[in-house]
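Two complexes come next, and they have one chain in common, chain A, joined by chain B in the first and chain C in the second.
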Partner chain A sequence: MGTVLAPPRSKPPLQRAPRLTRLQRLRRRGIESYLFTLPVVIVFVVLFAIPLAQSFYYSLTDFNGYSTDADFVGLANYTTIWQDSSMLSALGFTLVFTVGTTAAITALAIPLALVLNRKFFGRNLVRSVFFFPSVVSVAILGLVWGFIFAPLGTGVINSIIGWFGAEPIAWLAEPTLAKLSVIIVAVWGGTGWHAVLYLAYLQAIPSEFYEAAGIDGATRWQQFRYLTLPLLIPAMTVSQLLLLTGGLKVYDLPYTLTGGGPGFATRTLTQSIIENGIAQGEVGKASALSVVFFVAVGLIIVAQLALARRLESRFS
Partner chain B sequence: MSPSNAPRLTRRAVGRIAAAAAVAAPAAGTLAACGGGSDPNAITFLSWDNAEVMGPVIAQFEKENPDYRVEAQYAPPVAGYIQKLQTQLGSNSAPDVFIITAENKHQLMDGGFVQDLSDESWAANLNDTAVATYTQDGKLYGSAISAWAGGMVVNLDLVPGEFPTDWEGFIDLCKQLKADGTVPYMEAVGGMTDTFCAFLGMQNLAYGGTMDQQIWDGDLTFEEAWTPAAQAWYRLFEEGILDSSAAGLTGDLVLPEFQQGRLAVMTTGSWGISGITGGAPDLNFEFKAVPGFEGQPYWSGAVSPGLALNAKAKHPDAAKVFLKWMSTEPGVSFYQEANQFISTTKDYEPELPEQLGDLVAAVQNGEYYLPATSWIDNNDALSTEANALVQQLATGEIEPADVGKGLDAKLASLQ
Partner chain C sequence: MKQLRSIVLSIVMLTIAGIVAIPFYYIVVNTLKTQPEISASPLGLPSGLDFSNYSEVFATLPIWQSFLNTLYVGVVSITLMLLIGSMAAYGMLIGQGLLTRLIGVMCLIAFLVPGQTTLIPLYRMLSGMYLVDTLEGLVVLYMAGSIFCYFLIIGYMRTLPIELFESARIDGAGAFRIYWSIVLPLIRPILVTVGVFQAMWVWNDFITPNVFINSPDKQTLVLQVYSAVGQFSTDWPAFMTLSVIVLAPLVVFFIAAQRHIVSGLVTGSVKG
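Presenting the complex of A and B:
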């Protein structure tokens, strides 16, 4: 009996798909998915896109926050902000604060997370202690540390160094020391929180990796350098993104600790924007600063993410 | 109706209801925020004092005026208050009565946001300095019922003799105290201090009381007017009475030193007396005017924020009843007794602590000066700059003449 061969398959003739209305296309894609994103889109538009567009518009006017008839002034506000020494000082300190806190917290949080990941008696208590500073309001931290850094001999730190015969130090009165003091408090308050973030990533690394590395003869340092650190790159990306954005926007801690002083030493960009825009009635100028600030933050974040991606691909 | 019989909502009906709710919710919120509504005797009020301070005062007003009720909102001074008021004025939802102060008076008066109160019967009850502070082009835009002054607070046990009235005498006194092992003087240099402002007040007198007007008219510069005062103040640092750590001090750090008898002289405002007596009820102290570097001793100080009537007040008649009560004896006496400020209205003589000494008469006679409230415009921008410059002078970053130069540059950039 001969084999009956199946007829060769041929492509079915192309049929023009019926033209769908926009609603039908939406339904086909699943209208629910669009509806679920709607609240977020509304929040984004109302609380971000519209205020951003308004800020850009105000930055081109002499709007003072009260009178509704503001005049168009072109780019005059953008020129003015670069002529104001206090603004430049604020920009400088904001960058120093951001870079300083990001570097210091990253350098301290990773070793701290490694320690907290080990098994030891009272581990949960120690984790809570390190996490605690991030729970307290930053404004309260600023006030409390104001007493700790008090320039009088009765200040907490000056009392301690006084036991060793040293003279009181004017922590918050000398510009460089004041900047350093603000960064120290920010690092103290943020290290525990970021250590917990790294801890979460550390706990996701399978223990078999370390067992295999140990069998291959890798030392503790080699395990950290070639196993732990590469696997922590995604955590570093998240942590540093938060630190960079938080650092660039910082306001409450320097304000409560030093009020932006002495002089303009610890003034931040956000403080300048708030003071110009609200108290001084220069909404146009403050809006111009906000727009420049927004663009600068965006560029820094894009650069940071690009760098993080390169690092991830290099270590993966 | 049983559930099975209930009409079933179609998808379109659900969509319509959701859309209506989305529109109605913010609208309802806005209306609720406006308050006052249709009740002509409801007065909306944005308070600068918190509810703890202002709540009993409002309750007393409503008790004495049972036909009226006050719907109060609260916002803390200064930036938070101004931001809230700005937003409300911009959205045409500002309350009937709100606070006018040095930081916003020019915007409010120039923008036509406040009503002229000159013709109100009770306006004559206000102190002349208070009237001048909130008057523009002959129209009164705020009712300020109190003022404050600041100067030196002296521990009379550590400084038993006559307190000097001239600056050289004060410097000598501090040197003597220091040589005897007593901390003579502390000043929290968070910006322009009471001493610095009092010196500027002395300069203002030397220029016939029109120093700031002359600066704004271009007949005088900050450098010319301020440098003698800055030089006199800087002598505290040159003579070793203060050092740069003063720029890191706050009033909260200095106060315990004074309360515990470790400090002979400090500075504060009249409002600080309850803080001193609260922690040291038996301390023997008295307020003294800042010794004069040229001429008579003087005080720093300013008229307190005033109550203003919204130009678009929904219930202006009711609001005027509230303003009258707050600006005359019944309201002033209750507010004064509750909060221990120095009232300056003509129909009420407050009972005040004897430690205030000559300060009370100075307040009631308007013998005080504060740059931030005396400047012609851009008060807050200049104040921020001046505070930073004075701190820089304290830390030795700049010279006394640079304070005035910096303000001249700032004023030029603002104009």
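Presenting the complex of A and C:
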């Protein structure tokens, strides 16, 4: 993320082509470079700028998707979304999911990466097994886990519990358990991906560092605390940024695993936006929610980057 | 001592990996069973090798149609987004001035906007263009991915010496000629990485087809699995079989492209 946010590097002046003055060359290059960027400008205008402006505009009106005369209602939509219980519970669950998956995946992926960074028999197999869930469709995994959690005959978890003589648990029918189930599946599916990310950073640490630390008599814990951990901070920034923004945007997994239920327990903000804005024609309200969503994602990115910068300066 | 530790580590990690892999074992093993067999023991081995579930699923569902739909959308949109992304990156590299900088800022904004914020207007726009419920509509939406391609490609291009592009100019080649016969071959490694990465996204995407596609004959594979669950709600083996059929190509893809996926993950997260 950091590299992208940095302003584009200015190029050193290029070698002079024959028989063209510098000005002519610049002008020619300018026109050519704009021709090359034209497609991406069209993509930006059609798929980003216009829809973004429309979302802002709709959020200030009572547009219902059909009427030709939408009235300007000011910030009314922005106040009603805080009174809509389904939207509030979507906000609540989305936050719980984001914090839960970020914390759990970080706590599991770092040790996993540390283990995968050591040599042992079957290491590649273990890495592939952990990584594979993030290559396949989350939606299909959600559906498969729906069968695994089921209280019916397909329910693996309940039949395992049954061996110990316990009663079957209605994983997806009880609000708190349903939330927990969605998070468990997300952690199961995401840990390998982030472990591989951490692993890439770990492998970039020169082994001489550890040799030197070993010679200086540093204990294993001291090596981790003063050598590995500081060098992992950039990886944590990246991984947690992906987890936080990905968590806020989550849709596939809860939708396919629980359908957002029971009640509104595992409904996500994205599901709220889609159902209100497209199915129910409450375009104004849904747009207000989507604008709030945009601002929230932007704030998290800024906050995370600021925090990362402070952490990096503290540890190194 | 060191060897013993490594053996213990192997045993522990292979056991954990075995537990993590149970869901995959579960769906594969249950495609070979009948429904009563699954109910009796969801994780048990089948009584024999019975592939009748597979023939039944292929007979009842238009899997080939969905496969071709997904392939069509994937190939067209990946080709276009790589083209748009690499052209933009090259244009930004040779371009100078305020307008070029403005385009850079534009791409950054586009990168930060979550798809959720533009979803409703895009739905209305596509429905105005009669592109809702068409595969071409999906391709249009996936063009948003060219922004991600742009960031990865320009990051890679900056590591290449600019003289490579410039020497051809002095020899009198036009910008398009340079782009086509010098730039594209030079950036092939990153095109493969980004292509693999974006192919995974398009192939696995659920939200876009779920919102924009209604007709059964225009479904992508993932959407077909989703809608089949309703249809098969009482026929678990059929659902498991369908999932295995849809996941199987990804296993092959995963084995073939794992290196690119990992390098895309690393460069993607650093650059993006």
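The working rule: the second predicted complex is superposed on the first by the 263 of 316 C-alpha atoms of A that agree within 3 Å, B and C clash if a C-alpha of one lies under 4 Å from a C-alpha of the other, contacts with A are read in each partner's own complex, and residues count from 1 in each chain.
By our rule, a residue touches a chain if its C-beta (ideal position, glycine included) is under 8 Å from a C-beta of that chain, and two chains touch if they have at least 3 such contacts.
Here the structure is a predicted model, which is why all the values come from computation and not from measurement.
In the superposition on chain A, A:Phe147 makes contact with both chain B and chain C.
Of the two partner chains, chain B and chain C are each touched by A:Ile274. Residue contacts after overlaying the shared chain place A:Phe209 against neither chain B nor chain C.
In the superposed pair of complexes, A:Tyr226 makes contact with neither chain B nor chain C. Looking at the shared chain after the overlay, A:Trp82 reaches neither chain B nor chain C. For chain A, the partner that touches more of its residues is C, with chain B and chain C as the two candidates.
Residue contacts after overlaying the shared chain place A:Ser159 against chain C, while chain B stays out of touching range. When the shared chain is aligned, chain C comes close enough to touch A:Val43, but chain B does not. Once chain A of one complex is fitted onto chain A of the other, the partner contacts of A:Val135 are limited to chain C, with no touch recorded for chain B.
Shared contact residues on chain A (touching chain B in one structure, chain C in the other): 65, 146-147, 152, 154-155, 274, 278. Residue ranges of chain A in contact with chain C, taken from their complex: 1, 3-5, 8-9, 11, 14-15, 17-18, 26, 29-30, 32-37, 39-41, 43-44, 46-52, 54-55, 58, 65, 115, 118-123, 125-126, 128-133, 135-141, 143-148, 152-156, 159, 188, 192-193, 196-197, 200, 238-239, 242, 245, 248-249, 251-252, 255-256, 269-270, 273-274, 277-278, 283, 286-287, 290-291, 293-294, 297-298, 301. Interface residues of chain A, counted against chain B in their complex, comprise 64-68, 80, 83-84, 86, 146-147, 149-152, 154-155, 168, 170-175, 178, 258-264, 267, 274-276, 278-282. Of all residues in chain C, those touching chain A in their complex are 6-7, 9-10, 13-14, 16-17, 20-24, 26-27, 30, 38-43, 83-85, 87-88, 90-97, 99-101, 103-104, 106-125, 140-141, 143-144, 146-147, 150-151, 155, 158, 162-163, 166, 169-170, 175, 179, 200, 203-204, 206-207, 210-211, 222, 225-226, 229, 236, 239-240, 243, 246-247, 250-251, 253-254, 258, 261-262, 265-266, 269-272.
Those residues of chain B lying in contact with chain A across their complex are 78-79, 82-83, 86, 89-90, 103-104, 107-108, 110-111, 113, 190-191, 243-250, 252-253, 257, 378, 380-381, 384-385, 387-389, 391-392, 394-395, 397, 413.
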